[in-house]
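Next, two complexes with chain A in common: one pairs it with chain B, the other with chain C.
Coming up: the complex of A and B.
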């Protein structure tokens, strides 16, 4: 299990990528409507991504590369950098499976391990698996407007709905008023402590969608550490062969 | 037959390689490791030696649902003082519509997440999360997927020391979030004089899942015996993660194995060849514990302990790992044995038995490419 250092970018897709929104004229919108526009853009039939994850801690930097396929409920990720080459993950709803390439074994991952950093990064497995619509998980309200990197943003605060299991009790999100992309997000524990902060460094328009292709997540509990995520290739609605999201495909 | 088995597979892979090289990319990867290993004997004398190894793998393209694998392990052998090699993988796998067929030298183990596995295809293939050479078999495997999580596997292997075929059958499924497997193995037996014995048979069942925040797993094995009752072995275990305020994590794993002493040696494998020379019908209770603490994104420290509840002997296995750069990692590990004379993990005094070291300390660098 020590080798369990893997992971999934689909989450990243869900965390940053699909915080994209279509360009609309912003009239006075409610918090629900703003988040819904963001949510609506997070849901797609399928996506294929090639990406690299840059883990920085102190003066050291390690780069992991990966290919991932995802549909609305399932994800399949394979790492391609030399150190982790052939390591694969399959997420089926709330279950996670890992393929160890040397041993050629498929092991089911314990649920508590979903909270650990994937591949030594600041992203957790749970970050990735939280694929429900944000509006189903949180009650949002608008708490202001701010400028981020010259872009005017809505600032929204979301507090976890009662009885709903979430990784972060509260989240504050800065959403571009024109493109409806999340440019920044702060994730808090129930105690009020800031746990993580994500920022979008670069956005590109791809196939009519505004996609954050370069983002960074900072673990605020640790010093001098952050994880960057760069998309090198993205394809929407690729043809996914039957059986892709199965244990047999991990072998 | 066995003599030509690998040659035939190698020939086929070579042909595939030759025929596809003009339009497909072939990649080479692996790990280069150099370690300084220090053996500590019972008198405290330290004998150091250098161990170098190269694990080399060819990454061949998959063509028409056919995949070829070749992995060789080159190492300096301290016994012969020369270089030696072991072919880990040399196989062809074809994915038919209804089944996957794999033929050649391949790793076969039926791990389910435990540190020891009393119901593996080859007992001792994985010991304390480390694979052993027993795992690699000249074999044919037929894998039949029935749905996304349900499958049947049939394995026919040619063991190194036998002309007989070893058979195994395994079913796997996922039920309500629990990973369930059921298996059967029929294995030819030969005693140390080379006499062929009746084949041994065993059946095994494993389960892995979650109970709230704790990961749980278990195994139940039944080893058939001729003309008498069989032997029962069982294993129960769990794992748990605790997160500190600073974001660091410590991971715990604990398991208990109950098994007849006679069956223990193979499960412990070559790493922990304890004193299993008497009272072979005695039931042994082993407890294994592991704690792994992530210091930061790149380094972790761990401690594993294996203890016999029957005699109190124990092995402590501390370790430290640091990924120094993208491709370079540093590993420190040790194994220290504690116990009275002739206990399971203690010093042995039996005549004719090779003295067991008191411990081992290793420091190594691994370069991945």
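Coming up: the complex of A and C.
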């Protein structure tokens, strides 16, 4: 099964995904197994999400609402707040398109555009395009244990494997020892500079799964800016109408 | 002789009307000459700004890179060795070789971020080819290995930066991994080519190469050559690369200036239209003048015909008058044009009303002022063409006047 990153469609927040309730004997797990356990929790056939994206930049706060549908390979997001109503994104495997109703044109997002923030947020388009398994991309090792908000976490460090193409050279992840869900992650440039940090503020148990419903991403290169992501409704295995993931549906 | 004298005398008979027409023609000529000077000046300045601040006279590039150059790829680079640079420098007419690494980056000032073009340069070699260093208005350039950058004043204003501030350039390495270049701003540049000022960040070549994981790779080699020798040098370069089995090709600056060259072609069309309007104004003025004169002198024409003057002589009288107006209008126009072009050549035409004096948004790499240039053939061409048009446009109405029946003409009331 293809991993679907993130509860914001196309995997905006791959870091706070799904966990099951199975309690694992922690002491026996290697770093790879912990990541794999977290990755396994992220698999699902399809999902429908209604969410809010809160973009805070220099004292300005913008709230965007959206509905996202995802299956194993594809995702479709439509913004529903008045200012962005009708703006749509479609991710099909490794391709991403967007439609702005004002321009009435479908634009393929590629090249340098992928580095830009999605809808002015701190999530770059590239962030939402990454869909390979992390264990294929990084060599992970456990570098310690820390408590976050009263939850004991593994602290894992992943360094990019030689020869693979990854956006972030190094990532440090805090994974809940009991629920196997990411509570915090730091993403670093090759120079060692911290670029982004994600944190989970709230987790809820929905249909037997622990879901991070409120999380925040900070671009650490910029002051006074962050993007929050709140799930207001989540539905697993919804009925997805035929043609949802088609370019025609973008218009 | 009589017709000639009469024609010249007639020039002074309707002074006010003739002076008015002479002025109309003169102003039309003035408009054309000034426009021509300005357009040619704009073209020359654009080409100079491209050569002196962006491309050099010739760029040596891998042909596959050239295809994708707009995307600033980190593929198909030139991996430098002393032999390449030295063998290029040995070619007669090559005055300097500057290796450049061009890359995409996001400039971050800690609060905002904007997309820029990073330009890794080796300062000494860069100075052999480009004159950008002469336009550093604050601070200085950097030395190799220094974690310093030079940016344009427009970019500095946009990002609220000044000399000694620190910036972070967020880049992607050859393997597509994020990397950062943290540099201190060493200097601010305000070059005549606004594209340099708006979105380019100069950093030391070795610093850029290291951050992008590309070893000693560069995007291109920019060459300064003796002006006008580009074709010969390109041929020598091609032979040189072929002998050394190098997959490199020389590209003239003209191939990087296609948008300006397209504008230049459009300019020629624009100038042609202005010329047409100018000639039309002259023609209508002359035709109008001849018709009015003929109407006023109907009795006189009738009398001259009755006294035995032939039709062609009457036509000649009117043509002399029209030619005189053409010559005087042309001379006055050329004089006004001389004054206007002199002013444009010396003081230029301010484009401050266009995006704060930056015409780059219109594809024209010019800042602040466009200076005119002298185009003497245009003066001669316009003067002669003006006389020819005056003569030609007077023939028909003169013939119409000369054909009048002498009896009816004398008694036309």
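One rule holds for everything that comes next: the second predicted complex is superposed on the first by the 228 of 251 C-alpha atoms of A that agree within 3 Å, B and C clash if a C-alpha of one lies under 4 Å from a C-alpha of the other, contacts with A are read in each partner's own complex, and residues count from 1 in each chain.
Convention: a residue touches a chain if its C-beta (ideal position, glycine included) is under 8 Å from a C-beta of that chain, and two chains touch if they have at least 3 such contacts.
It should be emphasised that the depicted structure is a prediction, and the values quoted were computed from it without experimental measurement.
In the three-chain model built by superposing on chain A, chain B clashes with chain C.
In the superposed model, A:121 lies in contact with chain B only, and not with chain C. Contact with neither chain B nor chain C is seen for A:30 once the two complexes are overlaid on the shared chain. After overlaying the two complexes on the shared chain, residue contacts for A:169 are found with chain C alone; chain B is out of touch. Applying the stated contact rule after C-alpha superposition, one finds that A:221 touches each of chain B and chain C. In the superposed pair of complexes, A:83 makes contact with chain B only, with no contact to chain C. Between chain B and chain C, more residues of chain A are touched by B. In the superposition on chain A, A:111 makes contact with both chain B and chain C. Using the contact criterion defined above for the overlaid structures, shared-chain residue A:160 touches chain C, although it does not reach chain B. In the superposition on chain A, A:237 contacts neither chain B nor chain C. When the shared chain is aligned, chain B comes close enough to touch A:92, but chain C does not. Chain B is struck by only one stretch of chain C after the chain A overlay, and of the options 23-31, 113-121 or 401-409 that stretch is 113-121.
With the contact threshold set out at the top, residues 58, 111-112, 115-116, 195, 221-222 of chain A are in contact with chain B in one structure and with chain C in the other. Remark: chain A residues 58, 111-112, 115-116, 160, 163-169, 189-191, 193, 195, 221-224 touch chain C in the complex. Across the complex, chain A is touched by residues 29, 59, 100, 106-107, 109, 111-113, 126, 129, 131, 135, 143, 145, 147-149, 151, 172, 174, 177, 179, 208-210, 213-215, 239-241, 243, 245-247, 249, 251, 253, 292, 294, 296-298, 300, 302, 321, 323-327, 329, 368-369 of chain B.
By the touch rule above, chain A contacts chain B in their complex via residues 1-2, 55, 57-58, 60, 62-63, 81-83, 85, 92, 94-95, 102-105, 107-108, 110-113, 115-117, 120-121, 195, 219, 221-222, 225, 243, 245-248, 251. Within the complex formed with chain A, the chain C residues making contact are 71, 104, 106, 108, 110-113, 115, 168, 170, 172-173, 175-182, 211, 213.
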